[in-house]
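Note that chain A is present in both complexes that follow, paired respectively with chain B and with chain C.
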Partner chain A sequence: MFDIVLPALHSFASFENVGFLVLGTVIGLVFGTIPGLGGATTLALVMPMTYGMEQTPAMILAGGLMGSVAMGGSITAVLINTPGSGPSAATCLDGYPLTQQGKAGMAIGALASSTAMGSVIGVFSVLLVLPVARQLVMMFGPPEFFLLALLGLTAISISSGGKLLCGLVVGAGGLVLSFIGEDAVSGGQRYTFGSDYLWDGLPLVPTLLGLFAISEMIDLSLKGGAVAKKTETTEFAGLWEGIRASFKHWPVVLRGSIIGTLEGSIPGVGGTAASFLAYSLTVQADKHPETFGKGRIEGVIAPEAAINAKEAACLIPTLTFGIPAGLEMAVFLGMLILHGIEPGPMLLIHHSETIYALVLALCFSCLIGAVLGCVCIKPLSLITKIDVHVLVPLILAISAAGTFSIRGEPLDILLAGVFGVVGYLLRRFEYPRLPLVLALVLGPVAERSYHQSMMISDGSWSVFVQHNTSLVLISLIVLAVVLPVWRSQSRRRKAAAEFA
Partner chain B sequence: MMVALQNGKGEQPPEPENSDWQDYIAPVVAMALTLFFLVASYRLSEKARMVPLLALYANVVFVSLELLARIPTKLGRSLRRVLLGNAPPIKILGGYHGKPLSREIAAIVLIVSFCAAVQVVGILPMVPIFVVFYMLAWAKKSLRSALLAALVISVFVMLLFEVVLGVRLYPGLLLNNLFG
Partner chain C sequence: MTWLASAGADPYGVAVAGNSSIKNLTDMKALGRPVKMTSTGPGSTSYVVTHIVMDVLDIPMSSISGYRGSSEYVIGAMRGDGDGTIAVVPQLLKFHESGDLKTIALLAVTAAKSPFPGVPDATVLGKPDLAKLAIRRLIGAPPNLPDDVRRILEDSLMKAMTDPETVKILQAAGSDLVPEPGNKAAAYLNESIELYTRYQKYIQE
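Right after this comes the complex of A and B.
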């Protein structure tokens, strides 16, 4: 491995390449903080500017950008409960309550260190896996993809703070919403009710912006005051405590990174699923799951480690099979082709140095982004002291413009508004929003894989139990359903025994 | 027993209060939506509705269980303990964050109106209008701070999207019709 990595590392000895790395990191960090502008949009904007550049500097710039964009999105998720991109939405769940408690420094510290650790683990996994990636992805057929999606949905629905039924209702409802639009199997339209706008289904970015950013603005406009409940204590004294927390909770980092690496290496599953699954499993593994969503530091660490490990792992199917793992990777695929790099098994033979430079750039970018995030924490803290009545119109204006900038479709803004109300009502009636997001992401994957599996087996469900991988996934699904109910009951019995 | 209670470990979870009609609103709406989509599914081809029906029938079961769990019977209380985490009944009439229900509805209408008005007026013209209206009518700020906020936010959005990103922001139906 080192014989390939060392020449790639040599690329960073050049002042020019380091400059592109830092530039990419800063662009990613800044643009990542803007809701609606994810890595895909930013990369698409930067792509034409790299046209005249050499392959390696262009890939380093792209790696720098892709590595830090999630960090930027997570900073706003923690400070103002507005995720810059879908995956960072999971960080809101405990990151924002920490900010409200005046512990923004601790949250940012944990975010930065788990970002760095997740990225290092992710990149290390990629360096190990890339040469044997073909065999890894070949293990997953349609039945395994279906079961994996089902596992994600089951796990997320039951991590609803004890409200299993509420999670399941929202999850199943989200699945139905994910089926809106063109049916990939029959080619017909489903649940569009005569609207042309819904032909392509519900666009994810306006939906997420609505569910998280706009619903929060409705809530904030009612509350008034400053974003942080304890503005006087929103100092960043807890920064080191946060950094140390990631080391203290290393199993959470490791679990998140493994989930991120696995989900990232499977096309179509994406970062949102990875971050929410990492969060969900952390909730389940904890002795006090009911305290999550109220400001647990592990709730920040787990999704961040998963997001950044995933960023690197997404490269596996994109580079080896030319199958983009998500929207950002689809744009990146275009960038590879623009620079004359053809993805596929021959890639590592013809462009090994460039590709390994890209992987390392992704890792270095996360490290630089983590340091910059901590250094710029004081100016960022000012966001939490703003009067919400200034913040509400500002975020609404940015969300509207950001939503429109992605597809140039004005109705996306209205959809974001509608999902803002849905998100607010879910919160008001104490239903979790997580299952809805995951169902929207995993629904199409699950359905496509289900139909493919049925076609393979001529309609027999035995296809789901034929391989060892499937059996492992089924066991995990059963465990994910039974374990929380069993734990909840045993806790109750224990409490009753102590009471008696 | 006292030690256990002080430690917060052996505290017997309290029985939830009895539900009233407010507690049933959410599951009833969820059931109505599920049935609506269920009926709509039967207009689709057999293949197209296969997976959606699985999700919809599962949801009928989940929502029915939720409704049962909210009814104050012995079975309901048991279901509520196991499947709803012993959650207290939901109250809406009392308002939220100490604000009355009318204010809550007004906040929702205000934000949705902005998203709808953007369709007609366009993003850049609508932003200062909304900021001034919001700051004056909702936040009760002075005219000076409202105008200042409108100016700063509008210039920021314009610079970021139109100048830096090169995105031509939506001009709205009105301007589109006037100037093509």
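Right after this comes the complex of A and C.
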């Protein structure tokens, strides 16, 4: 492996290339903080500027940008409950409560260190997997996608924070909402009520912005004050504690990174699923799942590790098969072609040095982004002290502009507003939001892959037990269902024994 | 529309997984059951084209649909989700060369060099009409464009498409231009409309 990586590493010995890496990282961080803008739009804006550049510097610039854009979005998720992109929404769940408790420093520290660790693990996995990417992609067909989505959906029960019935109601509602639009298999329209806007289903970014950012702005407007409670300090002694937390909870980082790598390498599930799946499996594996959503540091670490491992792993199907694993990768595919790099099975033979330089740029960008995030924490944290009368209109305007910029569709802003109200009502009446997000993200994957599996097998369920990958996933589903029940019963037995 | 130019065309090909026991269209016909073809959903070009091709070739088929794009359904065929697939040549070529896919029919009339030597084309198959399904890159303008404006645009486009630098960039990206004027573009479109009209039942699905 080193004989391939070392020449690529040599690319970074040039002052010019390091400059492009830093430039890409800064652009990614800044644009990532704008809700809805995300990596795809940023890359599309930067792509024409790379036209006259050589292949390697152009790829290093793109790698720098793609590696840091997610972190920019996660910083705003932690500080003001406003995710820059879909995957960062999972970081809101525990990151924002930490900020409200005056622990923004700790949350950003954990975010930075888990980002760096996730990225290093992701890049290392990519370097290992790229030569055998074909086999990995071939291991996941429609039956495996269905089981993977089912594994994520089992988390609805445990992510309900002790309110199982509420969680199931919200989850079922989310599934119904996820079925809106064209049925990919039959071509029929469902729940569109004659509206062309709903043909493609509910767009995820406006929905998530509404559920998290706008609902929070409604809540803040009603309560007044600032994000961080005035009686508590938003100081940054917690920064090192946060950084150390990722090392202390290394199994959470590892699990998140593995999930991110897996979901990034297999096209069809989507990036948002990776962060929410990592979060929900961390909740499931924990001894006190009821404490999540109230400011657990592991709730920041798990999705961040997954997001950054996924960023690197998304390159696997994009480069080796030309399958973009998301919108950002679709734009990147265009950039590859612009620079005369044709994705496909022969890519690593013809352009190995450029491609490995790109992979390393992704990793270095995450590391630089993490350092910059920590260095800039003091000015960044001032946002949490801004009065809501200033903060709320600002965030709402930026969210609306970001939402509109994705598709140029005014109705997306309205949709974000509607989900803002839904999100607020869920919070107000103490219904969990995570089951809704899980169902919205995983529902379409589960439905589509189930129907495909049935078409492949002529209606036989045996298709779900034919491959080793399926059997491993079934075992994980059983474990995910049984483990929390077993834990809960054993806790009850212990409590009963203590009482007796 | 006022048609200004045609930049070229990508014909379709029929392919099966590299390790499939199907070697040609005769094997496909002899399966004794409908052939399972991967494609995107109803209403999509790939779905309609797949149905038209199999109808013309008289091979009964069922669709494994729901993939979110051509790359995904081509990988589906490589993985063995279905028996085969129909995709445009540039997409098939790289996997044909790597051995992941085996192209068994080229739906084009290949006058000179075929990208798949030894693979029967639309003429050999006796179905030259299938070549009309090719994805064409047509450039158009609003209807009733004044003649002088049309001529200026048409000339400029032809000049741009034959410019050596443009040709070089596209060749580096693995894409070839075959520039043709607006009247040819309109003729190609009419041919396609005529063919698709004959098989509109698949579009209406």
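By our rule, the second predicted complex is superposed on the first by the 494 of 500 C-alpha atoms of A that agree within 3 Å, B and C clash if a C-alpha of one lies under 4 Å from a C-alpha of the other, contacts with A are read in each partner's own complex, and residues count from 1 in each chain.
The definition used in the following text is that a residue touches a chain if its C-beta (ideal position, glycine included) is under 8 Å from a C-beta of that chain, and two chains touch if they have at least 3 such contacts.
The structure displayed is predicted, hence computed values, not measured ones.
Asker: With the two complexes overlaid on their shared chain, look at chain A and say whether chain B and chain C clash or fit.
Answerer: Superposition check on chain A shows chain B and chain C fit without a clash.
Asker: With both structures superposed on the shared chain, find the angle between the C-alpha centres of chain B and chain C as seen from the C-alpha centre of chain A, to the nearest 10 degrees.
Answerer: Here the answer is 110 degrees.
Asker: Of the two partners chain B and chain C, which one touches more residues belonging to chain A?
Answerer: B
Asker: State whether A:G141 touches chain B only (first), chain C only (second), both chains, or neither.
Answerer: second
Asker: Does chain B (first) or chain C (second) touch A:I456, or do both, or does neither?
Answerer: A:I456 contacts chain C only, not chain B.
Asker: Quick one: is A:S186 in contact with chain B, with chain C, with both, or with neither? Answer first, second, both or neither.
Answerer: After superposition on chain A, A:S186 lies in contact with both partners, chain B and chain C.
Asker: Please work out whether A:G293 is in contact with chain B alone, chain C alone, both, or neither, and reply first, second, both or neither.
Answerer: Neither partner.
Asker: Counting only touches as set out at the top, which of chain B and chain C does A:G340 meet: first, second, both, neither?
Answerer: second
Asker: Just the number, please: smallest Cα separation between chain B and chain C in the overlaid arrangement, in Å.
Answerer: 11
Asker: Which chain A residues are contacted by chain C in one complex and by chain B in the other?
Answerer: 183, 185-186, 451
Asker: Can you list the residues on chain B that touch chain A in the complex?
Answerer: 1, 4-5, 9-13, 25-27, 30, 33-34, 37, 40, 44-45, 47-52, 55-56, 58-59, 62-63, 65-66, 69, 81-87, 90, 92, 96-97, 99, 103-104, 107-108, 110-112, 114-116, 118-119, 123, 127, 130-131, 134-135, 138-139, 141, 149, 153-154, 156-157, 160-161, 165-167, 169-170, 172
Asker: Can you name the residues of chain A that touch chain B in the complex?
Answerer: 34, 37, 45, 161-166, 168-169, 172-173, 175-176, 179, 183, 185-186, 188, 190-191, 193, 214, 217-219, 221-224, 290, 387, 389-390, 392-394, 396-398, 400-402, 404-405, 408, 410-411, 413-414, 416-418, 420-421, 424, 428-431, 446-447, 450-451, 485, 488-489, 492, 495-500
Asker: What part of chain C is in contact with chain A in the complex they form?
Answerer: 36, 40-43, 47, 62-69, 71-72, 75-76, 78-82, 91, 94-95, 97-98, 100, 169, 172-174, 205
Asker: Along chain A, where are the residues that touch chain C in the complex?
Answerer: It is residues 134, 137-138, 141-142, 182-187, 267-268, 321-324, 337-338, 340, 342, 344-346, 448-449, 451-452, 455-456 of chain A that touch chain C.
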